Amino acid sequence: MHRERFYTLTASCPDRVGIVAAVSGFFAQHGGWILETTLHSEPPNDEGIAAYFMRLEIKADSLPFDLDGLRAAFKPVADEFNMTWKISDSAKRKRVVILVSKQEHCLYDLLARWQSKELDIDIPCIISNHETLRGFVEWHGIPFHHVPVTPDNKVQAYARISELCTEAQADVMVLARYMQILSPELCAQFPGRIINIHHSFLPSFVGAKPYHQAWERGVKLIGATCHYVTADLDQGPIIEQDVIRIDHSDSVEDMVRYGKDIEKTVLARGLRNHLEGRVLIHGNKTIVFR
Amino acid sequence: MHRERFYTLTASCPDRVGIVAAVSGFFAQHGGWILETTLHSEPPNDEGIAAYFMRLEIKADSLPFDLDGLRAAFKPVADEFNMTWKISDSAKRKRVVILVSKQEHCLYDLLARWQSKELDIDIPCIISNHETLRGFVEWHGIPFHHVPVTPDNKVQAYARISELCTEAQADVMVLARYMQILSPELCAQFPGRIINIHHSFLPSFVGAKPYHQAWERGVKLIGATCHYVTADLDQGPIIEQDVIRIDHSDSVEDMVRYGKDIEKTVLARGLRNHLEGRVLIHGNKTIVFR
Amino acid sequence: MHRERFYTLTASCPDRVGIVAAVSGFFAQHGGWILETTLHSEPPNDEGIAAYFMRLEIKADSLPFDLDGLRAAFKPVADEFNMTWKISDSAKRKRVVILVSKQEHCLYDLLARWQSKELDIDIPCIISNHETLRGFVEWHGIPFHHVPVTPDNKVQAYARISELCTEAQADVMVLARYMQILSPELCAQFPGRIINIHHSFLPSFVGAKPYHQAWERGVKLIGATCHYVTADLDQGPIIEQDVIRIDHSDSVEDMVRYGKDIEKTVLARGLRNHLEGRVLIHGNKTIVFR
Amino acid sequence: MHRERFYTLTASCPDRVGIVAAVSGFFAQHGGWILETTLHSEPPNDEGIAAYFMRLEIKADSLPFDLDGLRAAFKPVADEFNMTWKISDSAKRKRVVILVSKQEHCLYDLLARWQSKELDIDIPCIISNHETLRGFVEWHGIPFHHVPVTPDNKVQAYARISELCTEAQADVMVLARYMQILSPELCAQFPGRIINIHHSFLPSFVGAKPYHQAWERGVKLIGATCHYVTADLDQGPIIEQDVIRIDHSDSVEDMVRYGKDIEKTVLARGLRNHLEGRVLIHGNKTIVFR
């Protein structure tokens, strides 16, 4: 938890000698005070290509640049190593649009974290296919949009959601037990920017009623999975997972209840890591820098 | 999760042959449908006395009694075995008074559970030594009492809290990160009816600033403990505990943040077990029937 | 951990009023001191039939029966309630045949527990498709049988294993990372008596190379599952499971290494529960009485 | 798990701009292929001094140096930043002396890991105050030394142990449930090189009979702690900890049994991290680079 303003650089590139030296050399040369560095080299894939990933936090006032200046100055280094890269500024709050249905546990949890500034984000609006949670949301001073989704209006509904998120300049959309399957178009429009919480330990129990599936199979632990949404249902890159112990005496209703506790915790952890730029997507997997 | 009305019998007595036979025989004789039975025999203590504990749930409409009738009918069995016992009725909601300070995470969590009826309780009022959370509480339609506590007014403040809880006919008081040390008198007035969440894995790090203590010692896991409040600070019978992994890179602030997630979960689990009559106090320890 | 000799009764039957009363009444009438009672009533299935399960430990010398006498005396009670039941005697050690391949971690673990009498069992022999572990086994004074399994000799090999287990009067066969798929005939011959440890959190990653599958999918926890072997690969009733956290920096080799620690622990816990008669099979699921 | 030979550099120094640039620049300049880099900057202490920690793995054959050559070439960099540093060579196996008493679970576990080369170490000898485990040790081809410890011979006994370890050129001594309190002299002689497993979640339940203490207090989880041994009993820097859930039905004997499973796992994890140079001691705490 750094109080001071800092820049976060995340980057990936083909692995070779000298990457860290070049990047840290660049910052050292400009007097940049690095607060945190995490690095990962992925072993070569079947084509023999090894990928390198990095995330740095640098004290803003230790550098002689503003954000644009930093980007311009860093570009030659990035180009040299053929990096996919991004620099963000801790002074600019991330904008998070939350989508909910009727269940309130993830929403209460996220708003408690937002209220206490544990999650230091802006929530430009909350979207739901039901009116149930309007009062609670509006009491917090957050605009609430009711976008009903029916078998007949899906195209329009998802277009409306897309429009609302675009207007809200959302950095990320969070499906906080939203219970609707987004259209492939919507998924394609916000790649790596839609986060879902699925109420099973994926890849077990994909799709509907995972707790019923878990009960049928007689597993001894149930779980939750926070992942990026892609057009393939519950197949996107996994960000975070956790499990909780159950036993033969637990009914499906008991599992639903226990499950809520891990759903909200796993979602919050995954979201936080995403917001802090700790999650780098690599194919259908993630690097999560602690 | 039984939908139907049921009675819950909890009892303890000296162990001897025939206890279960007598109790289950009593219910069988009256056609009572037992939904759940959990039993525990504690090994003999230093005086050679072994204690027996039990908890039964019986379908209300399978018995030819109302609550008072059941109590009267069961009394001879209880007397024969010298039982300490209690029968409660699922139709009568428990009354829970919550005490908070400024931190909101446990309160949001409890109110989400109450709102969704996951915790099927009445909350007659919420008491705080600060005004901070009044709006949130009152939006939920729950009376909020501000009872400031200063070094000078402690006697009056605790008298006022006692009065409010008595008026509210509270079954239990929950200290949801209340941050004040209750007076021995108040503790004595509600024995086994005040539940606290302490932000450490007791008996480690008793008292103030447990996360600072944990950071100083360099532990690799931090925890939270839900326990009954007694006159001895953080020494009461433990109901539930859990831990979460940390590492050298976590500051005290990080620990505070991670800790919140276990504090609220552990408190909710402990409270639920208490409300369902699953927690039997035995000396300074608890039997928690799952 | 009871030092004294005791009988263990396990039983299941259709649920109805009076089961516990009849069983505990039977023991009370004969002065039987019940050390432990665990009960479970499974909610009605789709046909409306509710099943009841129980497990009791009764001090042997509190009863006026030997094992056969007890069985004879209890039979009328069992018949009245249409029970499937079994009574075993703690004085008679269970006979466990272990099957291994080349990997040693589960075998070292089981033999350490046997050596220290933590697992108070007889191991009449250990069977392997490789010679690798002969020396280690024989040093412990346990007969070692090498039964090679090739694509061509499977029928004879499994017949030989069956013969060895029958001669050894095995109560249970433990596949301690045996790595061979048993024939349906062998599975059918020892129903509910073959225990396997699978190196994934089932139902995820059935079959071969589960850690490779886990690595491909990018899960954040890996697990192990102890289950009864049936003719359907990795589909038998689950006894016990656990998981361990991994991250993006872990290779398949790292997962294999971490996995060993949960494999051996989960296998040992599952086996112990089986040996103590704590595991009751119900369809394709288990009741595990703690 | 790198198959190729590599050097491991661990270093700590006062934090300032340019450390990573200098170190990674040094390796880049010589064509060094860095396999793994982990970094940690400890926030300023009360004196305002911030400490920096690092660990790098570099492919040996990517550098134009042997080990001594590398040390000589790196020295100027280390001096410039006032580093405490060390470079080790993966080709040189660490030498681990194990001390045991009568309990076998940690020893079986460590020897299984050694046997399978999961722990790629040399075990020059095993020392015990009892003869119990001689046969098991010697079957593995490892010399076994019986050094009895009595109230009267402690000085000589510890002198003998010190002598054996020195002769064995031990890099580290592992107390695998050794059950004897080492003398302050012995501790001082091998600072940061004696690893113990304590059977509680420290700082709870220091000293003798921790499971009895845990039972008395009625905790709901029990734990184990792997730490460096210092002259203060159970107060040394903690390397690794873990816990396991228990409940009211568990006796002290049950806790002892469950506890063994975490003791051996926590010890093995802590030892492995130490051997790989992942543990850096900082005051009475540790940095553990994953």
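By letter and in written order, the chains are A, B, C and D; residue numbering begins at 1 in each of them.
The definition used in the following text is that a residue touches a chain if its C-beta (ideal position, glycine included) is under 8 Å from a C-beta of that chain, and two chains touch if they have at least 3 such contacts.
Heads up on the chains, UniProt names are A, B, C, D = Formyltetrahydrofolate deformylase.
Just so it is clear, the structure is predicted and the values come from calculations on it, not from any experiment.
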Subunit C on subunit D, rotation in degrees - Cα superposition, rounded to nearest 5: 180
Chain whose average C-alpha position is farthest from subunit D's own: B
Contact-richer chain pair (by C-beta pairs counted) among A-B and B-D: B-D
Interface composition of copies subunit B and subunit C: same or different, split at half: same
Geometric centre distance via CA averages, subunit B-subunit A, whole Å: 36
Distance between the centres, which are taken as Cα means, of subunit D and subunit B, whole angstrom: 41
Where subunit B touches two or more other chains at once, by residue number: 247, 249, 251, 290
Chain contact topology (line, ring, star, complete or other): complete
Footprint of subunit C on subunit A - complex, ascending: 40, 42-43, 201-205, 217-221, 223, 237-243, 247-249, 251, 282, 284-288, 290
Subunit D-touching residues of subunit C, taken from the complex the two chains share: 1, 103-105, 108-109, 111-113, 115-116, 118, 135-136, 139, 247, 249, 251, 253-254, 257, 260-261, 265, 268, 290
Subunit B-touching residues of subunit C, taken from the complex the two chains share: 17-18, 20-22, 24-25, 27-29, 31-39, 41, 62, 245
